[in-house]
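Both of the next two complexes hold subunit A, though its partner changes from subunit B to subunit C.
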Partner chain A sequence: MSHLLALLFAPGFFQSEEVMNALLLGGVVAAISGVIGVFVVIRGQAFAGHAMGDFGGAGAAGAFLAGINTLWGFLAFGVLAAIGVEFLGNRARERDLATGIILAVALGVEALFLYFDTHFTGKVGAPMLILFGSIFVVAPSTVSIVTGLTIASAVTICLIYRPLLLSSIDPELARARGVPVRVISLAFIILLAVVVEEGSLIIGALLSTALLIGPAAAALRLTHKMGWAVLWSVVLGIMAMWIGIVLAYDSFQWPPGGHGWPVSFFVSVLILLFYFLVRLRGKLPKLGITMSRRAMQDA
Partner chain B sequence: MLNSGLFTETFMVHAWISGTMVAILSAFVGFFVVIRGSAFVAHALPKAGFAGAAGAVLLGVNPLYGLSLFAVGGALLIGWIGKRERNDVITALTLVAALGTGALFLALTNGYASGAYALLFGQIVGVSAPQVADTAVLGFVCLLGIAFLYRPLLLASISQEIAQSRGVPVRLVEMAFLVVVGLAAAITVPVVGALLCFSLLIGPTAASSYLTCHPGKALVLALLFSLVTVWTSLVLAFFSGWPIGFFVSIIVGLLYICSRAVGFRYSGGNRLVRHREPAGAVR
Partner chain C sequence: MRSIAFKEDNPILSLQDIWVRLGERCVLKNVNIQAYPGEFIGLIGANGAGKSTLLRVILGLLSPSQGSVHVFGRPARKGDRLIGYVPQKVFLDPNTPLRGRDLVALGLDGHRWGIPLPGKQRQKRVDEILEAVDAGRYADSPVGRLSGGEQQRLLIAQALLTDPQLLLLDEPLSNLDIKSAYEVVRLVSRIGHERGVAVILVAHDMNPLLQVMDRVLYLADGNAAMGRVEDIFRNDVLTKLYGYAVEVLHVNGRILVVGGRDSEADGRLLSMETHCCGAGDIA
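Up next is the complex of A and B:
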């Protein structure tokens, strides 16, 4: 038994404080991403969800340059850009375009800051850190900030759960029943920004999408019920995250040697694996239609 | 200004030629990207291409091969799986697959993968003579593809039902278009960088779509905007030494804000795409 454990977990795994921090942080962030992700998939906002990572990346690159905690850079730019997207793209059709333009500008700023980071601070690892995450080097103080933010996000989700669900599935019906759809939509996109930025901090601005969309897309193929979908999404997300951390830790002993394989790689591969396993089950639920019917029955 | 080598340095000559070709190509491809509402795909394919380029750097082969392989492969994957369900989820997952492997390639590359990062931000000094030739050949293929697809694609973009009833093979046309976007991304990335290739694809047309409702005029306007953007960026990047992608995206953003302000005074909204259904709607 202990041999098996030693085979699975490289020596020092449970003693390392960084690893424990990473497990906590990864679990917390994967869970909240899983919850938000289900709404993102239902609302068809995968693009906005992905763009948030890049918005935040620009801020993080700036924060890195200024020498402050990159989390604040991620959050500041992410939330600002989220509000911008919501106000510029007020018609559904224009939303993609507005997201795209803000994304274009944010990417430009990101490119400039990252260029400065590598040229002026002499830290050539900056792009790698921001674009592909830094789960093992997160400061313990940041862990508590992220945990606090996550709890706040979870409480907000609970508070707006019903109106959010209704306006995600059928905005017209929600409006008719007196739900303030615009306000809910603004609240949701700010929430989305906060959650994605947390994900960006740990597995990178480019790959926070993996945690956000992957588990949720798989979960929505497993079940039609919203509550179960959220639960599945959280479980799949946490599983991918934790297995990813274990493998990344072990990989320091793998070829070609010298450097570990990135956590982001394992997490995204595992999430894709889950998604395709779920797909292979062969069930193709017409989710949007079933969900809206259910909502009408509930109403 | 003229004596500074802006037009005489070899690398600048390469940059002017390839930049102009990229500008023309992105205007044509971007036009369809915008009217079809496939901004996410246009964003995902260059990034997927970047992951491929990182792999090519790791293996020590020409990055263009990696770029084309991943960008076109991603396009095929999105087109193949994407139709049966919501496109944006599949696009996101394809992107995750590409970038996840890209992260691995970058981590395994020994030392600082400067070649790969140049592809992320764009480096005008980095365009070599063989690359100019590659750009010309692939760009020409893309333009041919767009010319060939123009009418059926325009019809399929505006109304799928009408296109279908007229016997246009919509699926095939859309797949072919995705492949063209992938190829265009592969060509554009070495010049303006993977992060910013997207700005050039979407920005000029987005700006022009607020000024006219006629597809032809919008295309010409987008072409104009695109060329102005690339040329101005080349000059600014040459004198400042900053990444060209930064200038591209700022200029594109300004153009968009200006034309949206101008367009709003006359018509109050986007004129080219406002009558279409929202993207990502469940079919």
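Up next is the complex of A and C:
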């Protein structure tokens, strides 16, 4: 048993301050992403969620150039773009178009800033940090900022939980019941931006969407109760994140050696794996029945 | 049981001289309506006739360009708990994480802040209403997997939880097969009688409602006519309403409205349009 544990957790895992920071940060962000993700899937805003990462990426690349904490770059651009998308597009279709248009501009700006980053600051790792995350090198002070933001987001989502659910099911019904649907919708998209940008900081602008959508989509296939869906989504997200961190730490000893593999790789593969397992769980028994039926017919 | 008693001569709903203009278009033109406690009104009209707009005016979601709307003697306002509302075409994804009872419970407190806390009282209210609409069997099934008729019952239950005196249903029969449509109509009619609730049910086909409706409110191109079925479904009334010749056919107890053969229509149509958006009509 202890042999197995030693194999799983490479030496120094529990002593490393970076690893402990990463576990805390990853756990916190995976949890809030899981909660918000369930609403994103119900509201059909997966595309907006994905685009939010790249909006923020442009800001982070700019912040890197200016020598500011990239978190502020992620947050500033993410939240501004989210507000822009919300006001440009009223209906779902319009919103997707507005998101697509802003996304294209954001990617263009991001490309330019990343080019400047590598050539002016001399740090060739900048694109890697921004696009694929920097969970092991986040400063402890940033960890507390992210934790604070996450607590604020969690409080907000609890506060707007019911009107948000009602307006996600049917906006017109919510309006008739006196829910300020526009305000709720704006509050949610800002919340979404904050949470996606937190994810972008740790697993990268390109992959934060995996943490947002994957666990939630899997959770919605496991249960049809809202509370349980949120809980499953959180649990799956944290599991993917923590196992991903363990494997990334182990991978320091893997080829090519000296550098660990990106955490984002492990997290996204694990989330995909969870999702497939959940889908298979529904399929397998049915498959078994049809196969046995066929066998009986053949016999 | 009922919180407010209404006199029979006191309308619970009164629309006077309602005009609604959206952009260049006149959606409702001089609509006058009174509705009384417990009556069943069928709101009939083709697509784009202004039916949903009229409901939005009653719900306080849309202010008319002109005219006054009174619900229970007060100006219409959003979130009136005395109005129950069943919206048009609620799309529920198969993976929506709500059971039947969760959808219904949203009708009780979905507009409130915070997270719903389970309580005996809350559950009892929901169970009672599920019983009343005969939806107990699928109360614990995921809503996205239920049939259109079953979802419609849950949405009606949702609308009843606040003990409304007026129930507005926007096209509850569209997307339903004939049998489910008749069941929903019977259910709404029964609930209306049992609870003394006035019902306005929007439909584009009047036939499923012929047995149950007390009065019909017919909308054609923003013009309204209201009265008993036999007083509205007449060639002269509907021809005047549409602004061109239509004929009302009675076939085996059913009613069909078809374009007429007479063609003095164009002149009248023109005069109607001028009347609607003419200068000075709308301040």
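Simple rule for what comes next: the second predicted complex is superposed on the first by the 282 of 299 C-alpha atoms of A that agree within 3 Å, B and C clash if a C-alpha of one lies under 4 Å from a C-alpha of the other, contacts with A are read in each partner's own complex, and residues count from 1 in each chain.
Everything that follows uses one rule, which is that a contact is a pair of C-beta atoms (placed from the backbone, for glycine too) under 8 Å apart; a residue touches a chain by one contact, two chains touch by 3 or more.
Bear in mind that the values here come from a model prediction, so they are computed numbers and not experimental data.
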item	value
Touched partner set for A:H50, first subunit B, second subunit C, both or neither	first
First (subunit B), second (subunit C), both or neither touched by A:Y161	second
First, second, both or neither for A:R281, with subunit B first and subunit C second	neither
Partner chain in contact with A:L107 - subunit B first, subunit C second, else both or neither	first
Superposition-derived comparison: subunit B or subunit C, residues of subunit A touched	B
Set intersection of subunit A contacts, subunit C complex versus subunit B complex	41
Residue ranges of subunit B touching subunit A (in the complex, touch as defined)	34, 37, 39-40, 42-44, 47, 84-86, 88-89, 91-93, 95-97, 99-104, 106-108, 112, 117, 120-122, 193, 195-196, 198-199, 202-203, 206, 209, 242-243, 245-250, 252-253, 256, 269-270, 273-274, 276-282
Residues on subunit C engaged by subunit A in the complex (per definition of touch)	59, 61, 78-79, 83, 85, 87-88, 90, 92-93, 95-99, 102-103, 106, 109-116, 142, 144
Residues on subunit A engaged by subunit C in the complex (per definition of touch)	38, 41-42, 158-163, 165-166, 169-170, 172-179, 220-221, 223-226, 228-229
Parts of subunit A lying in touch with subunit B, wherever the complex brings them together	41, 44-47, 49-51, 54, 91-97, 99-101, 103-105, 107-112, 114-115, 118, 124, 127-128, 131-132, 204, 206-207, 209-210, 212-214, 217, 256, 259-262, 264-265, 267-269, 271-272, 275, 284, 288-289
